[in-house]
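To keep things simple, chains are lettered A, B, C and D as they appear, and every chain counts its residues starting from 1.
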Amino acid sequence: MPDGASIVLGAALENAIPFAATHELIRQGKCDLNVVAPISDISTDMMIGTGCVAEVTGAWVGNVSGGMGHNFRRATEHGEPHPIKVHDYSNFTIGMAFFAGAYGLPYVPVKSILGSDIIKSNPQIKLAENPFVDEPDPVALVPALKPDVAFLVVQRADRAGNSHIWGSTGLTQEASIASEKIIVLADEIVEPEVIASDPSRVLIPGFGVNAVCHIPAASHPSPLIGRWKRDNAFFHHYHQETREPDGFKRWVGEWVRDLPDHDAYRTKLGGELEELRVEGEAFSAPANYATD
Amino acid sequence: MHEYSTQELMIIAAARQINDGERIFVGMRLPITAYGVARLTHAPNAVGLFESGVARYEPAEDMLYTMCDGPNQLGAAWTTGLIQIMGLLSGGRVHAGFIGGAEIDRFANINTSYIGDFENPTTKLPGSGGAPDIAAMAERLIVIINHQKHRLVEKVDFITSPGYLTGGDARKKAGLPGGGPSVVITDRAILRPHGPENELHLASVHPGHTVEEVIENTSWELKSTPDLGETPAPTKDELDALHRIDKEGFWRS
Amino acid sequence: MPDGASIVLGAALENAIPFAATHELIRQGKCDLNVVAPISDISTDMMIGTGCVAEVTGAWVGNVSGGMGHNFRRATEHGEPHPIKVHDYSNFTIGMAFFAGAYGLPYVPVKSILGSDIIKSNPQIKLAENPFVDEPDPVALVPALKPDVAFLVVQRADRAGNSHIWGSTGLTQEASIASEKIIVLADEIVEPEVIASDPSRVLIPGFGVNAVCHIPAASHPSPLIGRWKRDNAFFHHYHQETREPDGFKRWVGEWVRDLPDHDAYRTKLGGELEELRVEGEAFSAPANYATD
Amino acid sequence: MHEYSTQELMIIAAARQINDGERIFVGMRLPITAYGVARLTHAPNAVGLFESGVARYEPAEDMLYTMCDGPNQLGAAWTTGLIQIMGLLSGGRVHAGFIGGAEIDRFANINTSYIGDFENPTTKLPGSGGAPDIAAMAERLIVIINHQKHRLVEKVDFITSPGYLTGGDARKKAGLPGGGPSVVITDRAILRPHGPENELHLASVHPGHTVEEVIENTSWELKSTPDLGETPAPTKDELDALHRIDKEGFWRS
């Protein structure tokens, strides 16, 4: 992945955020990224704090259970560590921008952003008239977004990247298909037969995936349905520790830069991570695909 | 009389805004608790919608920190994508949505984006999420905000989520399909748009608060609706329902 | 359902077509219908032959394994039993029209119908220029379609209409959500817990459904994945029998008008239907939704 | 020499158009068999797409009458919606699509809609399905049609699926993203667009057929490509693969 790329680090909103990828990009010192997502909880704030980010394209940046993202505020209010450009969208309009990018529409006309000053702060969105009615009927035209790379966390995948996802998915499908490349972070690698047993649970088929990595708990501290609970204390801790730039430096050193990889991160979490592991069973009723 | 906190009063006032059988964009924190109270009291057939891609009948059994947490998905009516859920906003399929904000103005426009000039803000707020879409499209909007002078302002610095814009029929002229804010619930009072200008008026004052105090804490010259009264205190049934949901007493203090 | 309504009788293309609803509408003698669907195999042809149809809005009408739909040809070529108006779409453009209707977009700009004379035969589709680029860049604007009623066949539903569907779905979700009313024909009625065990398999939640009917094999002769095989001989027989108007009259008398309901239809099929029942088991791997 | 039917030759000629690793809109009948042959011979990593919402690696094990039949869904790579699958046509994600037709003209425009005037047709054909979308958007298009004078016409009555429109750069000017028809496989010959006009030229004649016969059965003045030759006969490997798929000999007669 080159410097300057536009990347999607999680498009499901507050679950299945690929923090393992966020950390690895920080370790590799990628530059000038455009972070594209409706909401990626503190992933975006971390990226901004390390100076990786030139632009943010999205609807909300912060710490969902904590409120503000301190790095986001420092960057947008005082240009610290450096100024960033914010491209404002609402959740539905960024969804339509991904939808257009995914399915080959140059733009999508929406009603839901009319009246909002987001039309002023994001000049990419144009006002127009609906040509299908005679009376005035304003619409906002939202152009297609086509990020370079989407990272996504899935509950299980086979080695070819055929993946099963369940639970709410936000804009995962649209953002991934809109992206030039897709990198899958699988909580579990399973035999191809497991995925093929339920092709309707596939959100992204393997032939559209460029790489698949087996990374348990890649979404920590965000939850992964049926696998890992949300680590609320971790989010709170991040919020407390990163109030000042020095605090963020310490935090990112301890939790990202000083660790070689996600194995080490899991080891460092230790028993705290084990407590987040879902042990219970609440299985879906089977669907039969037999043909005879 | 039963004892209750201001937060509990706000939750119950919010719950009363939900009618039975309605589909509601719930959001997190106070509104999701209000939804639970409504389901347990007068609105057992309401449906809760979450923009991440979740629809539920019964509220989640465990505490939620985000709408994507496991307990909000287990036993849901539908776990799907954002477009499927937010798309329901079109065609009058969503009756009401809850939103909060950092600032609201006399025409009920809401700011969650920028304090100051957006090109050079003094304070950058987290942003819109799906609030503009809900504000534009839901049949009506229920706003919850703390009642402080710097929050209830003459004119917001940035309209993240449109209310009645410059008032009167400006909202309609801008092409917005949804009906706009129907009520603003604060920690001191309830405000409603009133009259042809759709300006926010004081509709009721919470028990223990005064009209003067409310006016003092509002930046514009706040007028009252003709039927101005006191916000009805929570009933025993309402408080019982709230305590069943709020087991840990999170909202009691 | 009033005369003159626009109705969707199957939007999954060639599976899960609600023939039981088609037959009931014929028995009730509904008039002046606008039949809206990408492809509904011989359902549309039957409706046309009985004179129920004033308009067809879709991409393809015929007998998928047999070729022509004889009633469709008679109506369009000789106005028999009466002339019908055809609104041409391609599959992707009708998909975008339903998408727009479902999700509140007044229209969708597409590339995929450029160059086709469908733009001439369907004046609802307008040519325009993409306002986001400086050089000429034509797009075709497809307005939203919002049918009055969608009928859909699902493998299982609870009494409130919460439904599970699996296998390919074509435009089922978009067409249903775009429609004012949704009627579910469930192959099996199950306890609410079965549906709630897998909310990601829900295509349409119960709160969007206006009525649910328990009708086994409602899609016969089209297949229902994991439940009923396609009755190829039945399609062939229809093709042979309906070559002439009199033959169609006989066929529709025998198989539709002379039967009181779908129970009688199943009884008449008897052993032929039993041979189409899927007996095997090819179950989906379970998904865990546990939270702890 | 091995024995083979004309249909078998067409299937194998079609299979040769599929390169390894490509994503192909397959469709029913002859092309789906061609896809199977390609997978078993030179293109083991091809992916087959079906507009109803199915993607497969291995072809279905049992005979299909429609793309929605059970055997096409069991063990699929993806069963989803039409928009997800047809949406792949954008952005160069689909390498080729197969389509058939009632008429094709010298610029490879295809008609499956109306014979005669569309407002008052002499023959109403079933319609487009997804063919226009595939023709507009796929990187290249593979056309299969029976070679008769009334099918290979100077100008189609109705362009359902665009080829090169009026020839030259007309297709590009019309804003069509996909590359257009790369080959037309008939029961007598193979035609390809050639030269700056993108007019269909005779590229090879099937064994047992003659250039004169092909020209006689084409309505326009059919020219030949410089490398005009004979269509290579099926190899033993290709026929073996075909017979493994076509167990019942459906295509053998």
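Here is the rule we use: a residue touches a chain if its C-beta (ideal position, glycine included) is under 8 Å from a C-beta of that chain, and two chains touch if they have at least 3 such contacts.
Here the structure is a predicted model, which is why all the values come from computation and not from measurement.
Colleague: Report which interface contains more C-beta contacts, comparing A-D against C-D.
Modeller: By number of C-beta pairs in contact, C-D is the larger.
Colleague: Measuring from the mean C-alpha position of chain A to the mean C-alpha position of chain C, what distance in angstrom results?
Modeller: 36
Colleague: So how far apart, in whole Å, are chain A and chain D when each is placed at the average of its C-alpha atoms?
Modeller: Chain centres of chain A and chain D, defined by C-alpha means, are spaced 40 Å apart.
Colleague: Provide the C-alpha centroid distance between chain B and chain D, rounded to the nearest whole angstrom.
Modeller: Whole-Å distance between the two chain centres: 57.
Colleague: Roughly how far is chain C from chain D, going centre to centre by Cα mean, in whole Å?
Modeller: Here the centre of chain D sits 27 Å away from the centre of chain C.
Colleague: For chain C, jot down the residues that touch at least 2 other chains.
Modeller: In chain C, 96, 104-105, 111-112, 137, 139, 166-167, 173, 200, 225-226, 229, 278, 282, 289-292 touch at least two other chains.
Colleague: Among the residues of chain D, which ones contact at least 2 other chains?
Modeller: Residues 54, 69-70, 73-74, 79-80, 83, 86-87, 89-90, 137, 177 of chain D touch two or more partner chains.
Colleague: Taking touching chains as linked, do they make an open path (line), a single closed cycle (ring), a hub with spokes (star), an all-linked set (complete), or other?
Modeller: If you draw each chain as a dot and join those that touch, the picture is no line, ring, star or complete graph.
Colleague: Which of the chains touch, listed as pairs?
Modeller: Going through each pair of chains, those in contact are A-B, A-C, A-D, B-C, C-D.
Colleague: Across the complex, what residues on chain C touch chain D?
Modeller: It is residues 12-15, 38-39, 41, 58-62, 64-65, 67-69, 72-73, 76-77, 86, 88-93, 95-96, 99, 111-118, 120-121, 136-139, 166-174, 222-223, 225-226, 229-230, 232, 235, 278, 282 of chain C that touch chain D.
Colleague: In their complex, what parts of chain B are in touch with chain C?
Modeller: Answer in residue numbers: 23, 47, 54-55, 57, 62, 69-71, 73-80, 83-84, 86-91, 93, 137, 177.
Colleague: Given the complex with chain A, which residues does chain C contribute to the contact?
Modeller: For this pair, the touching residues of chain C are 96, 104-112, 126, 128, 130-133, 137, 139, 141, 143, 155, 164-167, 190, 194-195, 197-198, 200-201, 225-227, 229, 278-292.
Colleague: Spell out the part of chain A that touches chain D in their complex, as residue ranges.
Modeller: That would be residues 102-105, 146, 162, 173, 177, 196, 199-200, 202, 205-208, 289-292 of chain A.
Colleague: Quick one: which bits of chain D touch chain C in the complex? Just the residue numbers, please.
Modeller: 50-54, 65-70, 73-74, 79-83, 86-87, 89-90, 113-114, 118, 121-124, 126-133, 135-137, 158-162, 165, 171, 173-177
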